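Look for subunit A in each of the two complexes below; its partner is subunit B in the first and subunit C in the second.
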Partner chain A sequence: MWINMGPQHPMTHGLWNLRVKIDGETVIDVDPEMGFLHRGIEKISEDRHYNEVITLMDRCCYVAGLAWEHLYILSAEDALHVKPPQRAEYLRVLCDEFQRIGSHIMWYAAFVQDIGLMSPFLYGMRDRDLILDLFQSYTGARLTYEYLRVGGVRSDLPPGFTARAREVLDWLDARFGEYDQLCLGSDIFRKRCDNLGILKASDCVAHGVTGPMLRSAGMKRDLRKDRPYSVYRQLDFDVAVAEGADVTARYLVRMEEMRQSVRILRQVLDWLDQNPGPVLAENLPRWLGAPYAPIGREGYLLKRNYPKGVGFSSVEEPHGEAQAYVVNEGGEHPYRVKFRSPVFANISAARQYLVGYHVADIPPIMGSVDVCVGEVDR
Partner chain B sequence: MQPEELQARISPKLGENLLGVEPFAGTAGRVRFRPAGALELFETVRDDLGFRHLSMVGAIDWVDHREVFYVVWSDDARQYALLSTDLAADAPHVESASGIWPSANWHEREAWEFVGVTFDHHPDLRHLLMPEGYAFHPLLRSFKLHEPEELEVKSRRV
Partner chain C sequence: MSTVTLFSVSYDLSTVIARGVASVFPQPIHGWILSSDVVLGFAILFFAIILLAASMINTIMLIWWERKLLGRFMDRRGAMHVGYAGLLQNFADGFKLFRKFTVRPREADSAGFYFGPTAYMATSLIIFGVLPISTGWNGGTLPLTLLLALVIFSFAPLFIFVSAWSSNNKYSLMGGMRSAAQMIAYEVPILLAVVAVVIVAGSFDLTTIVYEQQNYWFWGPLVVALIVFVAGMLAEMERIPFDLPEAEAELVEGWNTEYGGMLFAFFMLADYLRGLVGSFLVVLLFLGGWTLPTWVPSSLTSFPLAGIVIFMVKTYLVFGLFVWVRASLPRVRTDQLLRVGWNRMIPLSLLAIFLAAVLVTVKCLPLFGCVPSPGV
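Showing the complex of A and B:
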């Protein structure tokens, strides 16, 4: 018998439908139905100015907007042959890593509630708010930031930011242990998560699964190390890996990643304190670079003969490996933009990690995938 | 891995179906091939060259032809490579890669529904993000953003 889990179901954490074929209590087939949140971001981008696409990137993934902005910007800069200043690169890493912690805490809060533990949700949301406060102080927004620009970032940090950020990091660093006590110390958690949703490394590779799911299968793969973009080469951190490939292993990987992000952020804040400088490349055409320039006819007229190019970039987004392919044909808009969402690939392998388990196991397993429907549907 | 090495290792297998390998931004190279050699190329790239991970399949409408590109990753070389092929604009089709890399399944469904490229021998070529029966391919250049698609809505009132 086929049953629908979704589009309105607590397990989905977004708008999608998991069709499940069951035999008694056992799952024998699944068929995810996506597209409920499709907004045509790739199509709309073809009709937008290069800097206007950034707005759409925030809507791509609503818990990791800055990571998606970074992905697009790297690709657009590649296509337009623009180089950002060093300080802008560090500011982008600052965004990325705070966003990673924010996204993982959001995942933690939602996932643990799915399993039946109520209080971690409250602690998680409390701590994530501190990160959103930081974002608000330098980007002006809590969810849709529009902070990165082709050629740099929009503005520098406000005075006193690094001190505040360090306080938040100290606070967060002390909380991760408490999270672990709440979860790993709970019998309910262990019984609902151990040996569930196993996806071995070879299956992960065959089905394109990346990110914490791949690393929880013991495979040490992280684009920040393997193909360092921005300034990750200069930063010291370890790749979080776990054995077991089950739900608990994915939990452990994400927890360790947050600790490593704190470690990266401390180095980034030190660097930012010592190295003032410009945050936007100079001599950019006005339509492209200027943070406050009105986007209008005057701006558009300047760039008719911009060199053509194709940009390709990939970043380690909190959910896994995201890629962007931007084709620049010399016009004011990208000719074609294509994004690869890590969650898209992770869900497409659903049959591999759901079949054979019980219906009641689906919420913890899908929770451990960390679904963000915004970036799957785009 | 450099474009020259890719060329040297692929060309004995593919022969004239290999059109060339060019440098491409921060990757091992961009392999351009004829659609007739698709399956052979996929197998060579995965088994002989170690690109076991297919990250993305995308399609571009160039109006006079369509392009399908594949992004693959090798864990040994820690590098990406791009494979790309040009298809005729009328009835564009290429062999499905999902027999070689299962991860191609959804990406090809998406490329089919948005750019109208058919993937031969695909196990499950149906709509993914758009509703069943959706008759347009929105990422074609001929699909204009500012001209709303014409849908005939009949009033229920008589």
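Showing the complex of A and C:
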């Protein structure tokens, strides 16, 4: 019997369809269907100024908007030969890591809801709100930030931000233990999640599965270490790895990543306290985008003389390895923008880690994948 | 004092109304209205209406209690806006559901689709007719009240399965099958746990069981039976961690996926009615019903309707325990649930029966600091 789990289904956490073939309560085949949320972001980007594309990046992933902004910005700067000031780099890492914690807490909340734990869902949302408050205080928005810019970031931190951020970090550090108590401390949780949805490291590599799923299979791969971008080389942190390749291992990896993010953030906040400076590169071409659209001769002259280039970047996004490719053919818009979504690959391998388990196991397994449909369909 | 019962109150009410109505009519009708059969019939009707109103209001307050408790467990406040502290929120919700249009899928089997929720609701309500909430609360004394209550209680899987099957929806069908399997599996340990109580109390009559607990409540000596009974009741009520028939994450809403409006409200209300019945039974069988321990000074418990107040406080506390469980445990899987049911709960309940038999034969009940009652 084929069942459509989606496009509107509590399990999907977004707009996609998992077709499941069941025999009794056992899954014998699955067929993920994606594309319900396709908005043509890559195509729209070709008609936008470089800075206007950033708005679209927030819509790519609604829980990790800043990480996707960073991804695009790195690639665009590569293509446009722009170098941001050091303080901007640290501010971007600040965004990235706060966003990683926010995304993982959001994942935690949705995941525990999938296995029927009700209270931690609200604990997670409560704690994530603190991070959103911080975002609001320096980007002005809680969901669609549009904070990063080609050549830096939009604005510096407000006064007193680092102290507030440290308070939030202390609070979060204390909460992670509670999360663990509610999940790992529960026998029912262990019974449901141990040895569930196993995807071995070799299968991960074969299907392009990255991020916490790959690290939960015991493979120590993290782009922040393996191909350091921004200022990650200067920061001290460990890569979270777990053995087991099952749902519990993915849980452990994400929890450890949050702790490591807190560690990174403490270093970043210290650096930001001691090193004031500009946050946006000087002498940027005005035609880079809104709100300074080129009017008149000067802008076009600058644009025409601007060197062409090709930009590539890969970023350890909360869900996995995201990649961006930006081609600058000399126009005021990017000639082509292409993204690689980690979740797309992670979902595509669904047959590998779902077949053979029970129908009731689908929500925890898919929950442990951490699906974000916005970036799958773009 | 002790002669005032719920039934005598409704009989008096019926008599007064019959006199008033009869005074309007001339002789032959006047005499017929005042005849004992008619007055008795209306007395039974009033009795049923009072029971219905009491159980419905309590059910709705139970939902309020759960929402407020869950809110506190989850670091929020629960319903706050309609009425003081959200007391009227559930009435508002119920009224909203009442006004909604009931949609029936075209391919659904009409008869079963409507029969299922109605019968589920009706059987859940009937149980309140046999449960004594306090002295003089229930209509008459039956020797087998407990058995009757449990029999009516166990009708539910049939109606759930009928409504699930006739919904003609894959999720509903799976939920219905899970529900039937689960309820039947947990029916057995519940009955066995009850047998342990019956052995010690020596009666199937709930009133007698409560009176047997005047010296000591049964939860102490029969703690194994209590554990089995509470766990089984959680499964029977389909609450977390045993709510997999309506496991939201995979089955959308389980067997009531296709139901909306008033029919959904029937399911919802019946679920909480069963929750109320479950809490009632725990209080009656293990927590001394409407009595308090003998060391409580009787001056504290001599206010009017003391029995009902004590009973309801206990009931709400027991239900609070169920809510606490719901707030802190994840959901188990079907096979795990059934394995626990058949492989763990039944041996445990047999152990409880064995312990109860030992307690009764060895007469070691004074070990728990109490005097054996003359009935044992």
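The rule is simple: the second predicted complex is superposed on the first by the 364 of 378 C-alpha atoms of A that agree within 3 Å, B and C clash if a C-alpha of one lies under 4 Å from a C-alpha of the other, contacts with A are read in each partner's own complex, and residues count from 1 in each chain.
Note that in this section a residue touches a chain if its C-beta (ideal position, glycine included) is under 8 Å from a C-beta of that chain, and two chains touch if they have at least 3 such contacts.
Only a predicted model underlies this, so the values are computations on that prediction, with no experimental measurement involved.
In the model built by aligning both structures on subunit A, subunit B fits alongside subunit C without clashing.
Touch criterion not met for A:Val239: it reaches neither subunit B nor subunit C. Looking at the shared chain after the overlay, A:Asp226 reaches subunit B, while subunit C stays out of its contact range. Once the two complexes are laid on top of each other via chain A, the angle at subunit A between subunit B and subunit C, using C-alpha centres, comes to 120°, given in steps of 10. In the superposition on chain A, A:Met118 makes contact with subunit C only, not with subunit B.
No C-alpha atom of subunit B lies closer than 23 Å to one of subunit C in the superposed arrangement. Overlap of the subunit B and subunit C interfaces on subunit A: none, as no residue is touched by both. Contacts from subunit C toward subunit A in the complex involve residues 70, 73-76, 170-171, 174, 240-241, 243-244, 247-252, 326-336.
Only residues 24-27, 52-56, 58, 60-61, 69, 71, 75, 78-80, 82, 101-103, 105-106, 114, 127-131, 138-139, 143, 145-146 of subunit B touch subunit A when the two sit together in their complex. Only residues 34-35, 38, 40, 42-44, 46-47, 78, 205-210, 219, 221, 226-227, 310-312, 314, 321, 323, 325, 327, 335-336, 338, 340, 344-345, 348-349, 377-378 of subunit A touch subunit B when the two sit together in their complex. Residues of subunit A touching subunit C in their complex: 1, 3, 5, 9-11, 25, 112-119, 121-123, 126, 182, 186, 188-189, 191-192, 358-363, 367.
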